[in-house]
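Input: structures, listed below.
Here chain A shows up in two complexes: once beside chain B, once beside chain C.
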Partner chain A sequence: MATDTLVKPARTGSAGPPGWRRLLGSWDAILILALLLVVLVATATIEGVGSPRFYRFVVLEAIPIALIALPMTLVIITGEIDLSVASTVGLTCSVLGQLWYLGVTSLPVLIVLSLLLGAVLGAVNGVFITVFGLPSLAVTIGTLALYRGLAYVVLGDRAIADYPPAWTQNAVAPIPGTVIPWFVLVLAALAVVFGVVLYLTPIGRSLYAIGNNAEASTFAGISVLRTKFWLFVATGAMAALAGVFWTFRFASARADNATGLELAVVAAVLLGGVSIFGGRGGLVGVLAAVALLGVLRNALQLADVPANALTIVTGTLLILSVVGPNLVRMARERLRRRRPVTTPLERTSS
Partner chain B sequence: MRIRRIRIVATAALAAVALTLGACAEDTGGGTDTGDTGNAAGTIKEGLKVTFLPKQVNNPYFDTSDNKGGKPAVEEFKGQYAQTGPSEASPSAQVSYINTLSQQGTDVIIIAANDQDAVCGSLMEAKTAGAKIVTYDSDTKPECRDAFVNQATSEGIAQAQIKLISDAVGPEGGEIAILSATANATNQNAWIELMKTELAKPEYSKLTLVATVYGDDQDEKSFQEAQGLLSKYPNLKGIISPTTVGIAAAARYLSGSSYKGKVQLTGLGTPNQLREYVKDGTVKAFALWNPADLGYLAAYTGAALASGIITGKEGETFTAGKLGEYTVGANGEVLLGDPFEFNASNIDEFNF
Partner chain C sequence: MLPVLALKSVDKSFGAVAALRDARLELYAGEAHALVGENGAGKSTLVKILAGVHSPDAGIVSLEGQPVAFGSPADARAAGIAVIYQEPTLFPDLSVAENIFMGRQPLKGLRRIDASAMRERTNELFARLGVRIDPDRPARGLSIADQQLVEIAKALSFDARVVVMDEPTAALSGVEVERLFAVARSLRDNGAAILFISHRFDEVFSLCQRITVMRDGRWIATDEIGNLTVEGVVRTMVGRDISALFPKVPTEPGEVRLEVDGLTRHGYFEDVSFTVRGGEIVALAGLVGAGRSEVARAVFGIDRYDAGEVRVDGRRLRPGDPSAAIAADLALVPEDRRQQGLVMELSIERNATLPRRWALSRLGLLFGASERRSAAEWARRLQVKAARNSDPVSTLSGGNQQKVVLAKWLSTAPRVLMIDEPTRGIDVGTKSEVHRLLSQLAAEGVAVLMVSSELPEVLGMADRVLVMHEGRLVADIPRDQADEESVMFAATGQREAAA
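Our next item is the complex of A and B:
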């Protein structure tokens, strides 16, 4: 009974015009407009932006971030966080490289083993968080260090780089007839899967419920712990997939691969409008945020903005991402309160 | 810096000749690639876009090599100089910048690679887009670049250090020791072996190597090892530390002890680390390459490639402004030369 009010942000599909109108004022819409604006302005003013090659490079950079952002969105919606993802990428790269070095030459076997490893690493997080009831922030800061340490145990300061050229070329190969890497299709397919789970299944709705009030959700019959456990497993597996892509994209497995990537992922998820306190946000905004950050970074780089200034821009955007959605929400609530009770929007949405 | 530039311009007689010739050519840069047609006259094209991509920006070493070496060189051959790069020394961040440069139609990318493999794919794409690739400081796999400007050979480093310690200790000679990094560091061990070969020469017969100790490139351990050497070998006359961590720690120890000025110290270090010890007499001279010259040579190497003077094949020659003529070695390597000696008379010209 209580779930209906708890899951409000997810349910835009229920009503026709009011839902559409709500979307217009939403953070998702603001992000998509911002993305379009940045693309238009940058294409008009910065040489090189907007060319097919520009998008190829943006997409190549965004793929690992987006792959991990998909499950991370779900994790943060439940009010948890996983900071160990970049170390999971690093450890997967290292194990993958070492297995190849030791003579495992079948690509499917390597990929399956990597994904399994990622799932196990995620499960370790999940066990600590759900079985022992520890806070995910503390647990995954611990495994951030632990998994990176293990990566160094596996590879030390070696780099494994002698993969068959076909593998490394295929990782970044374009969709025939374009320059856009085909791997973006894998990402798109997975985005659809995560989208379906989040928006169209009871599981998805239960994630918002958990994020808003885990205790109430338990009473409402949602298996909070089991849901969280599998989210961490999924996050580990997706990070591992990002690791496989990373290894072959850069043709180099090193223990320090993807160091710091967790911050790029969390930044995109938060900028995407997902509340760090849980219960709010969605995949549309997050994917728009990944694209926005990628386009902005590459465009500014093409405009010869120095690295120091770039980090300032990203930092400002992040602060905006935390402040922005709250401001939008507050403004909307104030508007709603001021309006007469007879507004159609008011009638259907409350 | 301004003084330096004036001096460089003044000494760039060879470059001036090249420039006058170059001025007649119709080219204004823009990313064309006449590299395969050859350019026997050896004139560098004007307007070349030359961009330095160091391991990271805000790094004094690379600011010296790029802004104080590369920039004057590019100005000499009337190109467009730029330095860009990530704020953290990571391969993936560097790849992003390589991609940007290849989109910008940069003629010459001069890169210190954070990973010899990871940057390869994007360098290949940049090559396809028409850029010439020169590596400096840290090489990539040879097939990913057109030339590598090597700062020093192991032989050169070993010879310079033995000569420095011999000069510092004086004609009487005596016992010397080596304070190295870790016991299994490949480059350190190669240098130590070559130093032993060098010591076997008759001119160094009065020098005896009594010990090699390892400070593991940790400041405190190196400090203690230096201390240990002097208590164990009271007749010790000199220490060679071919590692920047070791030489700085040993200098700090010697400078605060009664051995200051009596036990000589040399090795590989940076001016900023050792400035005070050179001035207080603990260290007479030490070696490293001159990063400004490294950047200067890298810029000229890139320009020579982009102008078709060289293609990166062994035996080709080109003129690098004030530094004179260079020959491309095996695997597209261009060797800067002997290590540079820093001492009280020149140390204040450097900031890295």
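Our next item is the complex of A and C:
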């Protein structure tokens, strides 16, 4: 064993590629502290916050956002973005409703078909982005409109709402002995899967490499385009799962389901410390950000803060989320510059 | 007569690397002056100082006897110095006339741009140059030659006294070169000073009156063209001792490992065939732009190729797939280590283990320990100087970064190692460590293909020297016949040796 090296063993536990582990750790810590603070202050000052019912509602609202934020985090780490996710939810809801309306009565069949549809919609994004080399921002703004339009083609202004009560009740049923919806366990399991992929597999290593430097990743034998393609497929499938949950939670499939949800997802991912430029961030911060935004929104609603003000709060947080980690990073880098680390090469090739 | 532009004992360093040491140049009005030297002799740095991109650390730049200091390219242009680059950077979606007058468009009332005046003046400029380009057409789609002429028209439009042409002919056809030279001669005869940088001696001798030779960032000689021969210039360019820095151990070449057969990528290289045996170090020499790196990239699968094939140990390699190349035990240490070799923001550990991320995983999982162990071992073997292997590679010096790239690829236990500019921008001590390492790898039976622009390195390390000139392999010189002149002659297209 190489024990006599200059190298100190790095700390165990993996919260992101080392080196920035401390940086991200600190942003994660700030988010979790902010979450605790908001919970404490809101519980103390706003009536109704802190009740079991409150948390049940927060969790139900957060589930679809978190489901989509999981793959979105990976997508944004590679330097891409998918803005079509809410429309994918809407189209999945519409097709699911229409299939039920047309007589497909098997729940497993409906779920599998929905997930397949989501995967196909994600693959369409992926093909435009990786095969035709178009920017994901442009492509997914296009499919944001396209998929929503298709949802209206499928359902028009109808709402399909006559599902068996067992399905809709089961979707939101609590874990026995608690008020927390059982579906949160599905979310937790998926969060573990995505977390393992991001932190503990060669694929996760590739994602950070791609987001920081796609060219060097190619030279290291990483199939940059193939990786991105499958991320978009995964995003579509996860959005479809969110669509299935949405349909049964509200017992309603409508073409306008989840309109605007993509902004809530992207806001959570960015607030969670993922760099919009790719290469930085992780799931811990993102899940904390989903919780923080959910608690804050619901608490302010209970405090009778008007909807406009809620939007302003979300917007401010989003800007803070972009500025905050950068400020932290700049401060850290200034500290690090105290050490003489500038190299001749760094300057010549600028 | 006072020189229109003079550089006296100009020094310029980038960190520890001295790019120019005591560089000198005198340009007179009405002369075309050639600046020649090997790759890395400091020509580009000198051009950038003239262009106002860099400012010198020491020494004097003077215009007509007056010392000047350019703070920016705009200063240099205002002083009447125009630089025409090998690949001009025009705004592709603006018209030719707009490109010429960018930033100083003729105005009419209310500060509106006077488009017709701009068009007229563009036509006048082109008439003076004797060329026909539509001033209203967008720059996109112009040939490189026409783009250069647009740049020259721009230079004329602000009455440039000094026109610097940095390898302008590299991408031009014969006819286009003739046209460019006709334009250059008329500029010269109208009193402009032309600084012409080229590796093509026939062009230098047909256009220029005087030649300045640089080597290792220093001024070596300036002389009238009439006193010189091509051989004399080449010898002055390369003349230096090959020190004992290069510890190449003679090895008995083994089986053919890498076979490249008729490889063609149109526009980059044509019909390139060669083999590399185990235990052999083969250098791929040539001038910048000859297509050497492009061949290495194509072999490794970064770029696709139009014809030909690559075999490793007799097995055909799938084109366009670096992961297939890695699976076939091929490794490529690329030329640009900051852009291609490393992910600067990631740690030493992550970089050093990136190509082996699957090999190091167990059941597809990486807990970090195997990466840490592997990185620590290779960092120790290559003596990477770093505080912690979890620090980003951007905190390392150039030489240590190169060692991380080497660790990254040597840890894959390659049977064929392609290494592009192995010692560019690293200090002398690390250089010889890298050379010793390459020699040791060859002794262990690895087939090494080394792309290098440094002749001493090529001659000191290589068992065989392949020379490329303008996309073609023009010479295959065994070690005992390779010397500066034979390689340089082939590289400049002076001799077509048996490939």
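Please note the rule applied: the second predicted complex is superposed on the first by the 312 of 350 C-alpha atoms of A that agree within 3 Å, B and C clash if a C-alpha of one lies under 4 Å from a C-alpha of the other, contacts with A are read in each partner's own complex, and residues count from 1 in each chain.
Definition applied: a contact is a pair of C-beta atoms (placed from the backbone, for glycine too) under 8 Å apart; a residue touches a chain by one contact, two chains touch by 3 or more.
Computed from a prediction, not measured in an experiment: that's the story for all the values here.
In the superposed pair of complexes, A:A145 makes contact with neither chain B nor chain C. Legend: residue contacts after superposition of the two complexes on their common chain; A:I312 is shown touching neither chain B nor chain C. With both structures placed on the common chain, the touch criterion links A:S206 to chain C but leaves chain B unconnected.
Of the two partners chain B and chain C, more chain A residues are in touch with C. By the touch criterion stated above, A:V323 is placed in contact with neither chain B nor chain C. When the two structures are aligned on the shared chain, A:E215 is found in touch with chain C, with no touch to chain B. With both structures placed on the common chain, the touch criterion links A:L137 to neither chain B nor chain C. By the document's definition of touching, neither partner reaches A:L36: not chain B, not chain C. Residues of chain A that lie in the contact sets of both chain B and chain C are absent, per the superposition on chain A.
On chain A, the positions that touch chain B within their shared complex are 47-48, 51, 53-54, 57, 60-61, 159, 161, 168, 172, 246, 249-252, 254, 256-260, 297-298, 301-302, 304, 306-308, 310-311.
Taken in their complex, chain B has these residues touching chain A: 57-58, 82, 84-88, 90-92, 95-97, 99-100, 102-104, 115-118, 120-121. Those residues of chain C that touch chain A in the shared complex are 14-17, 19, 300, 302, 322-323, 325-326, 332, 334, 336, 338-347, 349-350, 353-355, 357-358, 360-361, 364-368, 372-373, 375-377, 379-380, 385-392, 394-398, 401, 408, 425-426. Interface residues of chain A facing chain C in the complex, by the touch rule stated above, are 1-2, 5-10, 12, 14, 17-21, 196, 200-202, 204-206, 208-209, 212-213, 215-223, 279-280, 336, 339, 341-349.
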